[in-house]
Amino acid sequence: MRTAPMLDVSSLTHTYGGGTTAHTALADITFSVAEGELVSVVGPSGCGKTTLLRILSGLQRPTGGEVSFQGRPVTGVPEGLAMVFQDYARSLYPWQTVAGNVRFPLRHLRLGRAETDRRVHESLSAVGLEGHAGKYPSQLSGGMQQRVAIARALAYQPGVLLMDEPFASIDAQTREDLEDLVLHVRERYAMTIVFVTHDIDESVYLADRVVVLSGPPTRVMTTIDVPLPHPRDQIETKELREFVALRGEVARLIRRPSTERTAEPISR
Amino acid sequence: MRTAPMLDVSSLTHTYGGGTTAHTALADITFSVAEGELVSVVGPSGCGKTTLLRILSGLQRPTGGEVSFQGRPVTGVPEGLAMVFQDYARSLYPWQTVAGNVRFPLRHLRLGRAETDRRVHESLSAVGLEGHAGKYPSQLSGGMQQRVAIARALAYQPGVLLMDEPFASIDAQTREDLEDLVLHVRERYAMTIVFVTHDIDESVYLADRVVVLSGPPTRVMTTIDVPLPHPRDQIETKELREFVALRGEVARLIRRPSTERTAEPISR
Amino acid sequence: SGSGDDSAEAGTTDEVTTLIVGITPIVDHASVFIATEEGFFEEEGLNVSAQPVQGGAAAVPAMVSDDLQAAFASYPSFFLAESQYIGVTIVAEGVRGTEETAGIYVTDDSPIEGSADLEGTTIAVNTLNNIGDVSITASLEEEGLDTAGIEFVEYPFPDMMPALEQGAVDAVWLVEPFRSGAENSGARKVHSSYTWVAEGIPVSGIGMSDEFVEANPTTVEGFARAVERANALLAQDPSIAAEIVQTYSETTEEQAEAMELPVWTEGSVDVDELARWNDLLLTTGVLHEPIEMSELTLQD
Amino acid sequence: MKTLPEADPPPDGDRPAQTRAPDTGTGRSERAGRALGSFLLRWAVLAGLLLVWELVAQNARSPFFPPPSEFLARAGQLWLPSAEAWLTESMRRDVLPSLARMLSGLALATVTAVALGVAIALNRRVGDYVDPIIQFARALPPPALIPVFLVLFGREDLMRVLLIAFGSAWPVLINTVEGVRSIDPLKHETARVFGVPLRTRLARIVLPGASQKILAGVRTALALGLILMVISEMVAATSGIGFHIVQAQRGFQILDMWAGIVLLGVLGYLLNLALTLVEHRLLAWHRIANSSTPEPAGQ
Amino acid sequence: MRTDHGARSSPLGTLRRGMVGVATALCLAEAVARWGVDSAALPPVSLVLANTANLLADPDFLAEVGATLTAALTGLGVAALAGTALGLALGSVGWVERASSVVVEFLRPIPSVALIPVAILAFGQGAEMKVALVTYAALWPILFNTLYGVRAVEPLAKESARVFGVPRLSVLNRVVLPSTAPFIAAGVRISAAIALIVTVSAELLAGAAEGLGSWILRMSSGGANTDMVYAGTIVAGLLGLSVNGLLRAVEHRLFRWKRLVEERT
């Protein structure tokens, strides 16, 4: 941890609906993210990770608890924030081309035409879509659409970047490349990143710290520091003994007792 | 391979658009799937896996080549087929509850009320959504929606099941459970399954054969037989030397030369 | 052509005896109500009711489609229909105009003092190419005035006074009950349109479609007779019209008392009088050829 | 409908033409053939109906239902350019002023309704305040409103333009509200997360996202605009298509009346065609998004 | 309790704000009539409203309103059935749309008021004429909304059904129709106001045995009843307001799922 917390989450709770249909997605979440830190969040499907990111971004008000951004309570969307949504296909604008989608949030930054174009071009190249700038999202594959959403966030160069399972639909190779890209831009632009993932390797490989959530009603099960050296490398880092140990620790935490396993074979 | 091919794909090509904007997604694809076989398809993002599945399902006509289903050329959607779409959120019906979505394709099978209800209930339990039958898809998390789409396909008990990255948004634990569920139903209902995935472990763990696709213009790079014993087990099978070897083989095939790597860091 | 299903017991033939007459709820159309009230229709074995209609343009198609069996309309409407080969027959007369019943009004402070000042003005009438503008043009020309510069615009009667007050038009042509209402609110009359060539001109009457007249000669005769009897009563004492108009329209007693009543005449349709419209409509260019009066009126 | 914009076809394969999905490269000649076929089909149906009408009317000879050949000839006489005049008298006196009124009214209605509709859709409070008034106002029958408009705005074009605008704004308003509300919330949220200012969001998300429904509203408004044009020219007018039709009705000039009705149909058709072109341009992305789903194969 | 950004209004708040809006508009109209344009043709709103209140208690008048309402709703019903059926056919069967497009585009802009003489001729002056005109006028918004709705159906939703072998007719019935339903409902709502307008206009312009429009016609030929004429007009507006409210309530009940999707924000 470096300086004062960039994001501070304390006793956060969120309940959807009311009355008999009420569903407590987040029961009690407390953690904080320092400036420049990369925190990954893991937890079972439906535990409230997306809900948490939405609350961090100021899009959704929690039903209880506090979130503060650089010391100030979050009431709306803070400035200098960006997000890659889990539902990438819906978060792209079908009426804009790929380049238009990436350029869209840059317009109000008034960077000048040259700088804007440069950023659009570079971030599209970075995610491997240089040849697709003029296409519409509907003409791309699922994984390519997801990469457009990533490129859009990167081109924006936000102070805080929230990513909700950004690599879910991307093949292993590209995924590794993009993981390294995230580490790289984090370093280069001193971004603070909160990264939701299902991939345990990924959560450890990227993070300074891993926040492990329980199943609903969701709490922070534990927070694991990841003191792995930088720069990281897909092969070398993953061979480190510490990496393997950390990975195992997260995996054990997430693995629920087998009686709780959800997927029982269809009965005869 | 067991009997006559269930699905036969020969010299399949598919080009989107025309003229200068033409994009050849599939250049030359030939392979076949025997009855009761589980074939997984891997390949880089945007190589045409979704396109391939759409053509297999009869939803889309290829611009060249042939697909036949049980010996007959595919001209429309063949009977007894089901599919889990990559874009699960859009393939669900927002005006129907979770149970309604699963029941939907069963109606025209005229199974009788009791059998229909039983199937809906069982497949929802199997994917861990028993408590959510009465909710609308918009009230579920991303991973939960994806599981609804899976439950819908399972309840249908199709002869041929096409799955397009069905577990992309699902956490590691649930994913393992669902993988086992797929193996189980395959065995129980003698389903033929074509399974698109990005996860190399998954592709080997599930399959009888892995079809590895190249980047565009896409061809079948190679087809790898997976002679691992059944029943498979998440821990034991993955510890087998053959598994590790096969996994490595697929990984090496997919790993492109590093000059082709897409994700170059954003230049300064 | 008359439909047979509502033919009544009264006649020996299968003629239609139930009639709906299209009217406008103004004093001019009182005869139908008098005839009903006095039982004249009943005595002819007829069952007659009235239904409001928006002018001849709606009434004539309604008669052709046999939705109405007869309708009150201004005579020029009948002439125009006949000129377009839509067979109508005038079976009974309504009222004749007098100097008082219609006139051109201006605001109190208008520079227009008399007929002579109307040259080059804009005058509101209720329907173009009909009684208003035709009688105005004809009477002014008779006075030797140049009417080419006068612009006529259509306004519904109720909207005329506001338009005048606002200066949207220079003058308005009003009939009862709007005429007396306007005088009350200070409007000034500068010209009587039913003067000179249009003096005592027949204004409106009851028409039927040729088909109906052909198919139901007895009914038509009886109907005409009943209206004639009512006309005779009205001719003797027009004030009964002022009374009965309160029963079928929204006219108040005060309004009724203030009204200048038109003139009813005894006897059957006066073909010669009606034929005056041929001249008026021809000189004003509304018609290009005279209408054969035998086509337009009942043959004996 | 689902053909891509003029893209060159891919090299012709040896597959039988009709087994191809429409989006996957249809030969140019084949596409041209299909376009011609559908063109003929469209107009053949109209011609067929006219023919039936002609035959029925020839036989019935009702004074109010003349055969199409007669009133079409009359329409041509009235409005088609002839040797003497490129612009016929009635074209100059009736059609052009009417069109000018109608289009100004429609433009006014569209601009106002879209602005108001966006405000209502984005802010429920604004909607709450004005909704009862809107629902009330749009159910007022325009013929009954003419007197009010006459008093307030005089008898010249201003009154007509405003009446047309007043009556035709509602479908645009309602469709704008629905269209804006139906935009995927995630689209707004994405923009908010990136701190995109409201102005940009309006121009780049709200308008494009609702454009399809807005245009559908404008289409309905176009038809209403023609109705209101006729209604507004029924009173205190001295020219215009509505005036022409009403005078024809009053004077039992049935051919003129039908010719006027035909003219309205033709005008509506042409204006609609213009709107379709606009739509084609504005919604290119929409066609592409939809064309990724090919027509049902076989079945 | 879930909270959202922005303001989701409570029903009470909606009512209160609606009333504030109406009150403001009324005051404005009153001011215009009293001090703006001094004219007998524009009576003050207060007077008109008092008349309206009296009218609403007058059984004879209510009978006229009933006649108008019956005609308008009958026409609307016919138009809703026909419009939905035609819209679905046009939207889902390519050649039907191609074959009918020119005819439809010619017919649609022809104003119903211009057809009044034709309608009188074909249907007489009674209720049939009104119903015919209303059906004609109300058909188009419903038809086109349905058509647009059919085109806006998520392609993947249709494909999902097809992949599971759902028969064609069922896809229409169970995917296209439910997903188009909100569009159809919006079309019916747009048409409801048009139906009332056309009914009253037809009564007013053609003359009719009964109905709000013929009542207004009768009033205006009396000479000094401008306030009554406006009171009748206001009743027409109130009718529209209530019909709209009713349809809204129905939509609210029917399309819960749609609200849930929207509420995800």
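First chain written, first letter: the chains are A, B, C, D and E, and each begins at residue 1.
FYI, a residue touches a chain if its C-beta (ideal position, glycine included) is under 8 Å from a C-beta of that chain, and two chains touch if they have at least 3 such contacts.
All figures in this text were calculated on a predicted structure; none of them were measured in a lab.
Colleague: Can you give me the shortest step count from chain B to chain C, moving only between touching chains?
Modeller: Contact-graph shortest path, chain B to chain C, evaluates to 2.
Colleague: By number of C-beta pairs in contact, which two chains lead?
Modeller: D-E
Colleague: Centre-to-centre on C-alpha atoms, which chain is most distant from chain A?
Modeller: C
Colleague: From chain B, which chain is the farthest off, judged by mean CA positions?
Modeller: C
Colleague: Could you work out how far the Cα centre of chain A sits from that of chain D, in whole Å?
Modeller: One centre to the other, that is 47 Å.
Colleague: How big is the gap, in whole Å, between where the Cα atoms of chain A centre and where those of chain B centre?
Modeller: That gives a centre separation of 26 Å.
Colleague: Just the number, please: Cα centre separation of chain A and chain C in whole Å.
Modeller: 84
Colleague: Which chain B residues sit where two or more other chains touch them?
Modeller: 16-17, 59, 77, 87, 90, 139
Colleague: Of all residues in chain D, which are in touch with two or more distinct other chains?
Modeller: In chain D, 62, 64, 147, 150-151, 189, 249, 292, 296, 299 touch at least two other chains.
Colleague: At least two other chains touched by the same residue of chain C: list those residues.
Modeller: 57, 61, 64, 156, 158-159, 162, 166
Colleague: Give every residue of chain C touching chain D within the complex, in rising order.
Modeller: The touching residues are 55-57, 60-61, 64, 77, 80-81, 83-86, 124, 127-130, 151, 153-156, 158-159, 162-163, 166, 168-169, 286.
Colleague: Can you list the residues on chain A that touch chain B in the complex?
Modeller: Within the complex, chain A contacts chain B at residues 16, 42-46, 48-50, 86-87, 89-90, 122-123, 125-128, 139-144, 147, 154, 165, 168-175, 177-178, 180-181, 184-185, 188, 198-200, 251, 254-256, 261-268.
Colleague: So in the complex, which bits of chain B are touching chain E?
Modeller: 57, 59, 77, 79-83, 85, 87, 90-96, 104-105, 107-108, 136, 138-139, 152, 156, 158, 162
Colleague: Would you mind writing out the residues of chain D in touch with chain E in their complex?
Modeller: So the residues of chain D in touch with chain E come to 1, 38, 41-43, 45-46, 49, 62, 64-65, 123-125, 128-133, 135-145, 147-148, 150-152, 170-171, 174-175, 178, 181, 185, 188-189, 212-213, 216, 219-220, 222-224, 226-227, 229-231, 242, 245, 249, 257, 260-261, 264-269, 271-273, 290, 292-293, 295-296, 299.
Colleague: Quick one: which bits of chain C touch chain E in the complex? Just the residue numbers, please.
Modeller: Listed in rising order, the residues are 22, 24-26, 51-54, 57-59, 61-62, 64-68, 156-159, 161-162, 165-166, 177-178, 181, 185, 249-252, 255.
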